[in-house]
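The following pair of complexes shares a single chain, subunit A, combined with subunit B in the former and subunit C in the latter.
So, the complex of A and B:
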């Protein structure tokens, strides 16, 4: 047996057999290491990894960064100008653009008005129309004033032009100030608020989140158990035209109900001096007894509730009043409206009470205006056609912004949590949402059809919500990686330690053999 | 399944009165100081145009609800549900001493929750989609686990449902009607199911007989069942939804009295109140207790802790009625009306001797008082037409059997019925092991599968995780005989994640349904067996981790050994010593040793 010492390379370094054995050992260690690193680690990683679908991060970022630049509102306004008025469309247009960029510098290329001459075949219910009318001087002393008349029943407005401004470019000035400061004032203010990420003026937490479908629920809450006949069916027919106008904006399904034995959570005190029960303003927040009254709707779509409350004291001809509110109606933010009903004539004790159409119609008008508030319609101009148009444009922007915000948050979440799985379904919803956004933008660019674009944007919002709240993803949000390591420790621990020691030894061997080589040389 | 008589009764009530709501409370003392209380609430919706909704479509048109709950209406309409039956039952009905089930058993489900619906649809897929939508919505509404209803427990009953469509609703020409059913036998029934139930009532439990219903009292009973049945009734032009809600319960009067007098905690009876048997030894130390007293006095307030607050609707004098079934020779019924500070009470009796019917008309608080000299004398108890028992046989972990015995107590009449059973897929049923044994007066008269006893069979085998096994047998039993069915099944292993958290508790098997038909093929009675508790082979749930850890350890052991063999050299002991001699540590150790030796050498001479 040759004198060999494992640790001491210097003794056997010249023995050729020992050298080959040592090389073979080194090669073995090297191969095993290679196997573990090159094959074992990927297999371990692959079999224990969490599925993370690839999200189109760049696209989302690009969209949310350049959303404003991608939206182009171009609102055509048709002009009807008699030849007596001195006016040039190109000048007026440039004036308008100037005035707009002065008032809202951020709106360049985002929101523009397109002035078009000739309004003969244009339906003023569909498109914006401005009619000019020349008012000649009637007498020497009295010169007529310029005036504006905005129709409450269509998208038409009338400008009365006098001699005082019927010269040079003054008519164009007048037109641009009317458009920017009156007709589109609220819309512009709201749009700029949305762009800046602030709450719009009409909002103040009153407006319900947008949905393509709403449930309208009209409820009659009766304080006691005496049956009441209410002719709601006819009154709802009065309501229908308003909903028809809103049909571009959203669909509404109507249901009505009567609920008896609906007591308030707090008893009212009778005010002798006014001969009535007085409801304090501070009590309005707790007026609706959510726990007891049947107000739940088992439906995916949001509900807007309108309540007519019929107090028992109607039988004693004692009315209910709300302190400081004359209309006896109030709005509940993001929820609905309430009207407290006082019967005009005293009720005979044995007769059955009925709420007839003539009594219900004024209430329905109150509810209609409350509905406009809850949907976030601008308060000016009066014409519902203009308001709904503006609302569509504002909602479109809101929806697009909100859905992109959702997608951005999703990306952020997945980037910050490495352990969260991203199921294929999330990716699908994200892609769908993006395609809806793209389609909405295309619709807007090609045909300026903001109603259709808004419907698409609502779909985008719905899909982005679905992507963010995907069940599987949220479920596994907290699957810790320590568990994985703990379970496999009996394998990883010993194998790892054996390999490390072998590697250390190999390195030491190499070192000492190099030293001895140097010595011998 | 609906008793025609009952249906006719409803129709008569609705038609005669032309009103949309009425309610009743039937009180019937049972032997051994028990009371059967049965609350019935009838609601009818306004007539409306019935439409067929495609799955994607939203509800259209205006929907008006007055007495019928708006919470339920849209769910039913949007899923094209034409009939809905929901049963929440808990407890065991003692048919030997209590007789027939209330309303011939058509309102009583089996233990747990049972739901069935008649759904109009183009095809099975649409019907199923609507069914799952319906059950999911109802689950949220009733706070029950109905959302766990999936394909694996849903059945489409065939024969048992032949008489289901009592409203004779006919579907649109392209559509079909599907009767779908599912049961959740392990579902507990409690207050959170009663609250939404009460919310469906137009009075919402604020007046009328429903003001008695309180979760603590309703569920503190020997047996209780809540049911909701909605049917669509159409005439030539319009349709309306009719809903019958009911709460049936069997109350132990002694228990209620004790709770009222002593509170919820049972206390030992003090010596002076002990009731001892005089005929036996009886002194200060010895007492043979008698059974419960039979001369009792109690009122509705004793049982429910409250009084009835007026009629349901004050302007409808016939909206609320109380019916009492007692034996007039031993029972006295009193009615008390409480108007604030004045209470007026008097005895009441009906035109028929053993039946009292009283309409509540005034806006006062009502209480019914019962006084009896012998509570064991009650109106005659009618025996049910059939007794059924079902039990599990076998004791092994991998297989078992079922044994069902039907007994016809009648002296003359043959009983025809359909036995419906739906078993979960993890019970692998072997129908070839089915044996039948017919006994009369203790003697076996037949043990062949004879068409004179089992007239018809329907069997749809289970598909793993997709479909339960569904067995329906049409059986006929001659008078005074009993028929026993036995069949075997295998218990299968479930996947790891399919076991519930309390897997060792066992799996509840839903009750089987027996529907009895008369000679004309009308269903006249319905009963259910008890639910069963099946123990499946249950794994140790830490097993996967143990397996991983053990395998890992073995693998790393093997790797370590082989790896060391490959890269290390084997040497003899002598060689080892040789090597260690020249190693640095050994040199150091040797140095220390020599130092110690030197020190020792220094110390030793001093000692000497």
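So, the complex of A and C:
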């Protein structure tokens, strides 16, 4: 080894071992420097950089901008026109379109009714059917009246046409006013409100936010501790047909409970003249005693609560009334319903009270009506088939709009906060949500299947929520970027300082060796 | 800037003279008070300190917990974050209690407090996750802030703060930008209708100055470079029991009922320099309503909106009967709830996953080989 050093004539004056060490040192410093710059820095950079997946921003913007243009409601209505009435379906269609564009000019191409001739083989529970009936003047009925009959059990309605209006245009007027101003009135109003981004007039914050699962909790709160039987199982069964019809809308799970010793937070005053306890209307807002009554289901899905309150004064045959109001029930917005139960017949002292089915059924009717309000079903027409159909169409639009709102918020957020990470899962959920939106629109276009399209829109909503609430998307997960250097200083400090000192020493060495070189020369 | 509290004080005197709140009837009050449009109330109460000498921070947060609960917010809608190491601290002369006053009249710990995030769970990350609701799918409901666009949220923070930061348990800190950005995310996702943000720390007012999302009303206990002072010490307990700001807040709120029509500005009137010994700040520029028309119960209570309209009477009847009034048979056969027995078996252990599947012959062979290998090692080692 010394021989190789000796070959180097310029270093002859130095100790050969020293020079070897020096060269090795220089090589080491160089390698470490290379490692730090070439390997350490990229590793540091990549491990501390924030992952931001590319979101389909253009697609989201396009969808949310042109959502209305992409939805085409074309509701089929089957007409059954007897030969005694001089009117054709094509005439009816043009009359209806005219009336609709007058009432809702913004709905062109978005919401139309497709009149189809012939209702022979159509199941009125599946499709809208309008039957015309000619009522001639007879000896029994000198001046027959025009009339409408909307079935509460199906999607069928009947129009009774008299001689007075048995002319093309008048029949057309009659038909379009029945359809636009009665059967689809609330739906049209709601849809137009949703499109405008306003709350629908009927809503007033009553309707619960949409969820694909709800808990229906029926509770009996008893003021004292005397045990009570209630035949709730039989009564609840009455809800089943309605819940079955709503099965595409949401999944309802029912539970019941009885709680004793449930006092109100306020004492009531006894009104001698009326022989009853009087609840003021203003007391209803704080009627439910959240401090003492356990109403928590610990379930992720929202609960709709229905409470029957059984006051102790029932044992003394003293009823409870709400001041100025006939009914004993009230609805709590976005929460549920309450019914204050007054026993009709006096209770014998030692007997066990039981609420039998015949007593519970009217209460269940009240709760059903409240449930309809809380879910946002239109209040007209009576037929649940028509209402649920309307609800599906409204909810479809609401869900699509909300999903796109969510996605747009997400985009806006990622643009305004540059330090927030966008994990791959978020992107996946966004894409999934978009594909559900597309599928819902296709379903609508191809088959006008509102129920299936609504279910798809619910999926879109769920996925857009997931995208927004993705766990990894926490900006301040470990440290803000201003603190990044501070966090890594204990690691970078020692390494960095040693390296800098070594570099300095190397440079100084080089300098001095160059000087000595010059001297020797 | 000392003028402000004085002005507020004079104004409050004036308003008290001009309009005695007791004279206003409820009907009038309802027309005066602007609508909040919320349907549910939530509260997030956080004490970020640990250890015995921070007794007062726990008393602070429990004061507000007591109030929101008394005013009707259900426990499922209160998120309480605190270290919870005071009531049962070895140094506590009165185990199981936390008092707000040396008269020891009000046990804030009580017998039914529900702490959602306890001890080392009180972290910046959890707080931010809570606000933005970014959790694992299996995070329990009771520990989540499941608000929507109709929710009013009351957020109370107490602990040791500084210029634009609040320390979490001596380990980390949250910056004012972090909270502001979290609120913006909540606003984007329509997670609130209005927020009432209250903070009792040193230099507390610096914490809300970065907010930029709408509909936030913010109150802080002290300005930049000011401390938030404690009210008094209890010699039996040996430490300061509560901070001045929160003491006077609780003092005021104890007189508020569930359905009170008391307004927010009356609460703010309590925050004088004489009371708090620092300059409390109130930020209203993001808030649309006039604070003199905002009810205390819009944020701290749970006054529910009720509807007493007539109800329909025949929905279920129609659903269960056909045109002729006959009962439809479909509902008779279906039981509502089918109780099924839950089967528990101890065999499930056998089904547990095996990392690699080996035939028993191979297992035996492998065991034998290992034994031989160990024996060989032992023998060679002995020779050496």
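Here is the rule we go by: the second predicted complex is superposed on the first by the 423 of 521 C-alpha atoms of A that agree within 3 Å, B and C clash if a C-alpha of one lies under 4 Å from a C-alpha of the other, contacts with A are read in each partner's own complex, and residues count from 1 in each chain.
What we mean here is this: contacts are C-beta pairs under 8 Å (C-beta built on N, C-alpha and C of every residue); 3 or more make two chains touch, one makes a residue touch a chain.
Given the structure is predicted, the values throughout are model-derived calculations rather than measurements.
In the superposed model, A:406 lies in contact with subunit C only, and not with subunit B. For subunit A, the partner touching the most residues, choosing from subunit B and subunit C, is C. When the shared chain is aligned, subunit C comes close enough to touch A:284, but subunit B does not. In the superposed model, A:25 makes contact with subunit B only, not with subunit C. Within the superposed three-chain model, A:233 lies in touch with subunit B and with subunit C [touch as defined at top]. Of the two partner chains placed by the overlay, neither subunit B nor subunit C lies in contact with A:317.
Contact with both subunit B and subunit C is seen for A:299 once the two complexes are overlaid on the shared chain.
Within the superposed three-chain model, A:469 lies in touch with subunit C and out of touch with subunit B [touch as defined at top]. Contacts of A:354 after superposition on the shared chain: neither subunit B nor subunit C is touched. When the shared chain is aligned, no partner comes close enough to touch A:69: not subunit B, not subunit C.
In the three-chain superposition model, subunit A touches both subunit B and subunit C at residues 233, 236, 254, 296, 298-299. Per the touch definition, subunit C reaches subunit A in the complex via residues 26, 37, 39-40, 69-70, 72-76, 124-125, 128-129, 132-136, 140-142, 148, 150, 174-175, 177-178, 181-182, 184-185, 188-190, 258-259, 302-320, 322-323, 328, 330-332, 334, 336-337. The touching residues of subunit A, counted against subunit C in their complex, run 151-153, 204-206, 209, 233, 236-242, 244-245, 254, 265-266, 281-291, 295-296, 298-300, 322, 325, 327, 329-335, 361-362, 364-366, 368-370, 372-373, 379, 382-384, 405-406, 409, 412-413, 416-417, 468-478, 480.
Residues of subunit B touching subunit A in their complex: 58-67, 69-71, 73-75, 137, 140-141, 199, 202-204, 206-207, 310, 312-316, 545, 548-553, 555-557, 559-560, 563-564, 566-569, 571, 575, 578-579, 582-583. Residue ranges on subunit A touching subunit B, taken from their complex, read 1, 3-8, 21, 25, 28-29, 32, 213, 217, 224-227, 232-233, 236, 251, 253-261, 292, 294, 296-299, 301, 352, 487-495, 498-499, 502.
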